Amino acid sequence: MSRTFRLVVACPDRVGIVAKVSNFLANYNASITEANHHSDLATGWFFMRHEICADSMPLDLETLRAAFAPIAAEYAMQWRITDSTEPKRVLLMASRESHCLADLLHRWHSGELECSIPAVISNHDDLRSMVEWHGIPFHHVPVNPQEKDEAFAEVAELVERYRADTIVLARYMQILPPALCDQFANRVINIHHSFLPSFAGAKPYHQAYLRGVKLIGATCHYVTSELDAGPIIEQDIERISHRDSIADMVRIGKDCEKTALAKGLRYHLEDRVLVHDNKTVVFA
Amino acid sequence: MSRTFRLVVACPDRVGIVAKVSNFLANYNASITEANHHSDLATGWFFMRHEICADSMPLDLETLRAAFAPIAAEYAMQWRITDSTEPKRVLLMASRESHCLADLLHRWHSGELECSIPAVISNHDDLRSMVEWHGIPFHHVPVNPQEKDEAFAEVAELVERYRADTIVLARYMQILPPALCDQFANRVINIHHSFLPSFAGAKPYHQAYLRGVKLIGATCHYVTSELDAGPIIEQDIERISHRDSIADMVRIGKDCEKTALAKGLRYHLEDRVLVHDNKTVVFA
Amino acid sequence: MSRTFRLVVACPDRVGIVAKVSNFLANYNASITEANHHSDLATGWFFMRHEICADSMPLDLETLRAAFAPIAAEYAMQWRITDSTEPKRVLLMASRESHCLADLLHRWHSGELECSIPAVISNHDDLRSMVEWHGIPFHHVPVNPQEKDEAFAEVAELVERYRADTIVLARYMQILPPALCDQFANRVINIHHSFLPSFAGAKPYHQAYLRGVKLIGATCHYVTSELDAGPIIEQDIERISHRDSIADMVRIGKDCEKTALAKGLRYHLEDRVLVHDNKTVVFA
Amino acid sequence: MSRTFRLVVACPDRVGIVAKVSNFLANYNASITEANHHSDLATGWFFMRHEICADSMPLDLETLRAAFAPIAAEYAMQWRITDSTEPKRVLLMASRESHCLADLLHRWHSGELECSIPAVISNHDDLRSMVEWHGIPFHHVPVNPQEKDEAFAEVAELVERYRADTIVLARYMQILPPALCDQFANRVINIHHSFLPSFAGAKPYHQAYLRGVKLIGATCHYVTSELDAGPIIEQDIERISHRDSIADMVRIGKDCEKTALAKGLRYHLEDRVLVHDNKTVVFA
């Protein structure tokens, strides 16, 4: 994979944005490998992502950012430029269930996920050996109902120590404190085991069983302080029937969870997700 | 399609049911073309459906029913035996949207749906010509908010006059009175334009747009007096993205609605759906 | 739907194309409602589609084309600019099977397909009444194995007379003569009832049954003189099982055929399909 | 999971089979947790699977087999009775690609696959550490083009030594010798990375890329001496677009391969697959 810069922009829509940005890039001889635009006619907002061959430009990352800043200011852009050779630092959090964690670790280990994983935190010690086999530090931080504050202070300290820029709740089963959600807005990714907004909250497979649905699913979303209500990045579903017990649904649902989480995380890592008004634009 | 009898049974599970029924059938030399069983371990209930080549048995329908009645009594069965050459009489109800109605009429016209359609009722006159081209009587019964009782009395009279045994709400957009729902329990089929239980009630595509889901769907279910809460027969979904406006979602969703309704209705017509505890067993 | 211009471009990739085109559009104050780019790194070819609010530009269609021509020449572009208010003229061809034809006619009738349908041609007379109910002329052109040349001369004459610019083979079941395929390159759309390249040629559902596949499908593609080998626009599949007879597969497959054909045709009508090297870029 | 017996039968269809078997089971007071029947009208063959609560019967496995044998003889049945507490012994074979192997090992490790895995054989040493972490012996048996016979003699010896009753080719990328295929007829499971019969043979993703398909897939099948032509157990597909390079297709396809292989293997382990005429009946 050769080095690329990713220019990601969201701003109020108006005539000439693409021309302005394209001229800017063409003037520096930028070779664009992928470009995506979206005009949201309902909100009047514009979204854009360019992936640029880094070697084609005579600028380093910092100079490029400085050169682009005036355009960003002119158009009131929310923007970032990232470098594919500086992968995000993803801290994984899990509980006892191993399927999502094992899936992400294997994808990372085989080079499919473009990130580093500086550490894994769990409120149980069960998955330590699996994590350590991958050469990743494992931290057991029990979450005692009476001492949640202490536990999450330790989590926050670890997040800080490992300089994480993304947190993934790989079936963590605990609710993060609002302060951490706010600090990592649009950077905490959760997998919920239902096709939201159906069956938010606890025991979604039990809820699905009782309602007698014919499809179950999973939802990958950014965490906000409102439970299971954050911007949805990806959803996946699988067909079930009357023959499927709750145990079957749990088993079948695991594959949805793994797929939706892995896709959602990959989009995030490649700067393909833009959030606006509690909804996502995903340039998949 | 050669003539078949369909024996459909639901009863408390216990040892020997299948043996009893199979012996009964074997003693009459019944050639079974399809057999389905389901033991619901959670509720202790048993479900069974046999499709039998009618010519293989020396009994007519009434005699067969009489012969089976003692077994049914012994095992406290809810049961029925139907004859594939006596198709159900399906009364269709629609409003202004034509896609579900046109889809069902075409499937019926080309022999895919095993039923007769004695009439179509609509609260608008828009679809008259389409219905009449198929040689089916069309009744325009406006539903005036002030005179709902009169309107539904007329509907009930038409249902009676046409000896309908199934009612299909093909995007009818009106709520049937509870008395009619009760009279036709598990025989009124509705298509709701969301993957229930998400987005029950009005304007589900608007709700879906606001929530920013990545999948939309449709749900075919039996109507009960509780809105959008009846037993689910079939669901279908389609993937969407940030590029899809509400109008796009309406268009995409139509295909889900048509598919889920046509499948659900076919299952019903072929006596493949058994209802228990507000859930369905579908021997698809 | 407000009036839009669609600028569609394919050309060898090089730096500055997007800047050039964006500047051109911005200079005329064009309000872009949708933009799609694709750089094919394997072939070094670039593809682009812009949908532009027509009222935002001070040019009519002809002037716009003239103004853009020098840029097109400079970059060796294959290009077109179309006007959404000048819908394509689609001639439908069918045989005896009605499902694809009925589906397209209903979508057109309800405003979902942006085209006119000046006529339907069939080698059988069965579907005349259905077509004429829609107010569309129906031509019965039998295709006698001994007199194919005469038949296709009549087809060619009708295509000419109705000034068709697109031909859709909605389960026509006859092979068009190569001359007509060449004349309408990338403008004859066929639906094949298998997921190509599996089961090309005759009786694909029989082939699928014999092979024991667990998925069947349909393929919408442009017709070339090589049978079932043209550029694929869209494919759809459905799951089957050992319980499904060939008749079931035919029934199930019909829904795939309708869906894939309707999607493929819609993409074509909205100028979303670009063909290069016997493959398609579909800006869906 | 409580202990069950699985009675699996295939035989020429005739009246009274179900009655005979059901009586047999009822006479021993068998509590049936799952029953599936299939009459193949095209071949006149009958297939049946019962899952029986072992504790409900007063017989041990051997006595049950002996008691059933006369019925089997009378109806010319191909049959087996297995015990869920005697899991199959599955020998896994892999090459360098880890995704299918890692997926199966994780599913086995977390209790989702009902089998033992006595050993893993690979023609490369890359995956040794991953396998050994799971506590499973790893054998590196290089397959030298000049010394294939020696290599497969060693494989056969390992299969024998570990008393394997099923062999899974988890992207093994080598062709097994016909003698081994014959010895393990319907017990060697392969995952092919295309939706067969499309793209049989080498480099299916390259073939798919060149043909420009819009769906890619994977096929889980029993291995026969004819390459990629054995009975299909399960297939899975994923949608792709013009944006996907061959590398993207490889990545996307991996998820299909894992899913189809895991499902197919689970069906096999639970004795849900019956083979007849190079096709499968899968009582999923």
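Just so it is clear, A, B, C and D label the chains in written order, and each chain counts residues from 1 on its own.
To be clear about the criterion, contacts are C-beta pairs under 8 Å (C-beta built on N, C-alpha and C of every residue); 3 or more make two chains touch, one makes a residue touch a chain.
Keep in mind the model is a prediction, meaning the values are calculated, not measured.
Among the other chains, the CA centroid farthest from that of chain A is the one of B. Of all residue numbers that take part in the contact between chain A and chain B, over half occur on both sides, making this a same-residue interface. Measuring from the averaged C-alpha position of chain B to that of chain C gives a distance of 36 Å. Centre-to-centre spacing of chain C and chain D amounts to 41 Å, using the average Cα coordinate of each chain.
Within chain D, residues 34, 41, 243 each touch two or more of the remaining chains. If touching chains are joined by edges, the resulting network of the protein chains shown connects every chain directly with every other.
Against chain B, the residues of chain A that register as touching in their complex are 38, 40-42, 47, 195-199, 211-215, 217, 231-235, 237, 241-243, 245, 278-282, 284. Listing the residues of chain D that touch chain B in their complex gives 15-16, 18-20, 22-23, 25-27, 29-37, 39, 41, 56.
Per the touch definition, chain B reaches chain C in the complex via residues 34, 98-99, 102-103, 106, 109-110, 112, 129, 133, 243, 251, 254-255, 259.
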